[in-house]
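Below are structures written as structure tokens.
Below are two complexes that have chain A in common, paired first with chain B and then with chain C.
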Partner chain A sequence: MSIDLVFKIAIVGIVVSVLHIVLKQAGKEDIAQIVTLAGVIVVLVMVIELISDLFVMVKTVFQL
Partner chain B sequence: MTLTPHAVQASGLGRVKHLLLTESNQEGKMSALKLSGALLIVLAGWFIGFSVAEKFRLRPVQLRSLQSGLLMLQTEISYTATPLPEALSRVAERCDLSVQELFKGTAQKLMTRQGFTAAEAWNMTLKDWQLRVALMPSDVNILRNLGSVLGTSSREEQEKHLLLAREQLRQEEIKAEQERNKNETLWKYTGVLTSLLIVIILY
Partner chain C sequence: MEILQIVGAGLVVTVLILVIKPQRPELALQVSLVFGVLVFLLILGKISGVIHVLEELSQRANINQFYLSTILKIIGVAYIAEFGAQVCRDAGEGSIAAKVELAAKVIIMVMAVPIIVAILDSLIKLA
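Here is the complex of A and B:
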């Protein structure tokens, strides 16, 4: 696992949180929610491979 | 030509070195390309955000100068009873730069004496002019309604219509000011932040 991915996710988190604050200040709460949700989904797509690896590993450890 | 083992080794090493060098060179080129692409995306996002924010900032300013221009026109019509082309060009000389073109263009169209009515000249100029300013269709509609009565009715009637148009523009200005407060900073930030997000996701 490379450390780059962690940094990438951290930056996405920071940018999304700032966007959320800006949008909320402008009174567009609904769009702020959508942006946060989009950020979560993007991060999920980034880590989905690692999660699948984890499941495969669990399966092999318990010989399922 | 026969090569000694030593010479073969040297040339092989040289080739490997050469290969390694070109590879690192290509990698450097790729990362430079990536970086410049990222920079372009951020710049584009910054530019889009700022141009939209600029539109929100300019709209109340232009509405204000339109109001003062219409007030001048009203004075010209009601107190000095100047003929319309002349009145319009006089207003154009004195009013703000952003709305000058509207008055100037209409005056010029009327002065060419090609048989336009005042309303036609006003509407034609308005059509060209609205593409270059930050006004919304609702603001332009107020001006279009005003154009249909310019130069066709009595002095008092025109005065009333100008007053009405100014009042409507004032209402629009209040609304535009509220929108500016909400949206100007928003667009300035979201342009840059969204492009940054795109860059990070793609990088």
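Here is the complex of A and C:
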């Protein structure tokens, strides 16, 4: 549980947006969309894993 | 002190989000969500410590265990609902946030009913 996950996601965000712009310049609009979607999905998987940890911990602490 | 780390990381993450937001708003939202979760996980240890102390005090004052556990549940529900509603509001979805909060209020009401009944019973016994 450290802060590098936040930076990993930020890096993915920056890389995806740069790739999107580069691919758009190259005229490959559809691939750009796919790359963006892939980036979002990868980040979503990481975030969901972290949220499930949070929910499990809240359940144990608050005896929900 | 953790507070220094939290404030420092908060500022850094805010700047990062500002970098990402124009191109990829959805990723910026996920970055802020992850930071919120991390801060809460850091604090959860402290909260469980406080809860243990409360439990010991309630046992010593032989208060009924049911009341304390209900109050804990209500606090947990309130916190998670507020967390979710705030994230939805950050994303601009005010209506979803309102629905989440409405559901949380109803759940808390349902949980509070036994306590209300207990209070009324004791009042009636007094009279």
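Everything below uses one rule, namely that the second predicted complex is superposed on the first by the 56 of 64 C-alpha atoms of A that agree within 3 Å, B and C clash if a C-alpha of one lies under 4 Å from a C-alpha of the other, contacts with A are read in each partner's own complex, and residues count from 1 in each chain.
Here is the rule we go by: a contact is a pair of C-beta atoms (placed from the backbone, for glycine too) under 8 Å apart; a residue touches a chain by one contact, two chains touch by 3 or more.
What you see is a predicted model, and the numbers here were worked out from it, not measured in a lab.
**Student:** Quick check on the superposed pair: does A:L5 touch chain B, chain C, both, or neither? Answer first, second, both or neither.
**Tutor:** In the superposition, A:L5 contacts chain C only.
**Student:** I'd like to know which partner A:L64 touches here: chain B for first, chain C for second, both or neither.
**Tutor:** After superposition on chain A, A:L64 lies in contact with chain C alone.
**Student:** Where does A:I51 make contact in the superposed view: on chain B (first), on chain C (second), on both, or on neither?
**Tutor:** Second partner only.
**Student:** Examine A:L19 and indicate which partner it touches, taking first as chain B and second as chain C; both and neither are also allowed.
**Tutor:** A:L19 contacts chain B only, not chain C.
**Student:** Can A:T36 be said to touch chain B (first), chain C (second), both, or neither?
**Tutor:** second
**Student:** More chain A residues touched by chain B or by chain C?
**Tutor:** C
**Student:** Is A:K28 touching the first partner chain B, the second partner chain C, both, or neither of them?
**Tutor:** first
**Student:** Which chain A residues lie in the overlap of the chain B contact set and the chain C contact set?
**Tutor:** Touching chain B and chain C on chain A: residues 12, 16, 39.
**Student:** Which chain C residues qualify as touching chain A in the complex?
**Tutor:** By the definition above, chain C touches chain A via 9, 13, 16-17, 19-20, 23-24, 26-28, 30-31, 33-35, 37-38, 40-42, 44, 47-48, 51, 69, 72-73, 75-77, 79-80.
**Student:** Going by the contact rule at the top, pick out the chain A residues touching chain B in the complex.
**Tutor:** 8, 11-12, 15-16, 18-19, 22-23, 25-28, 39, 42
**Student:** Using the touch rule from the top, collect the residues of chain B that touch chain A in their complex.
**Tutor:** Where chain B meets chain A, its residues are 182-183, 185-186, 189-190, 193-194, 196-197, 200-201, 203.
**Student:** Note which residues of chain A are touching chain C in the complex, please.
**Tutor:** Per the touch definition, chain A meets chain C at residues 1-3, 5-7, 9-10, 12-14, 16-17, 20-21, 36, 39-40, 43-44, 46-47, 50-51, 53-55, 57-59, 61-64.
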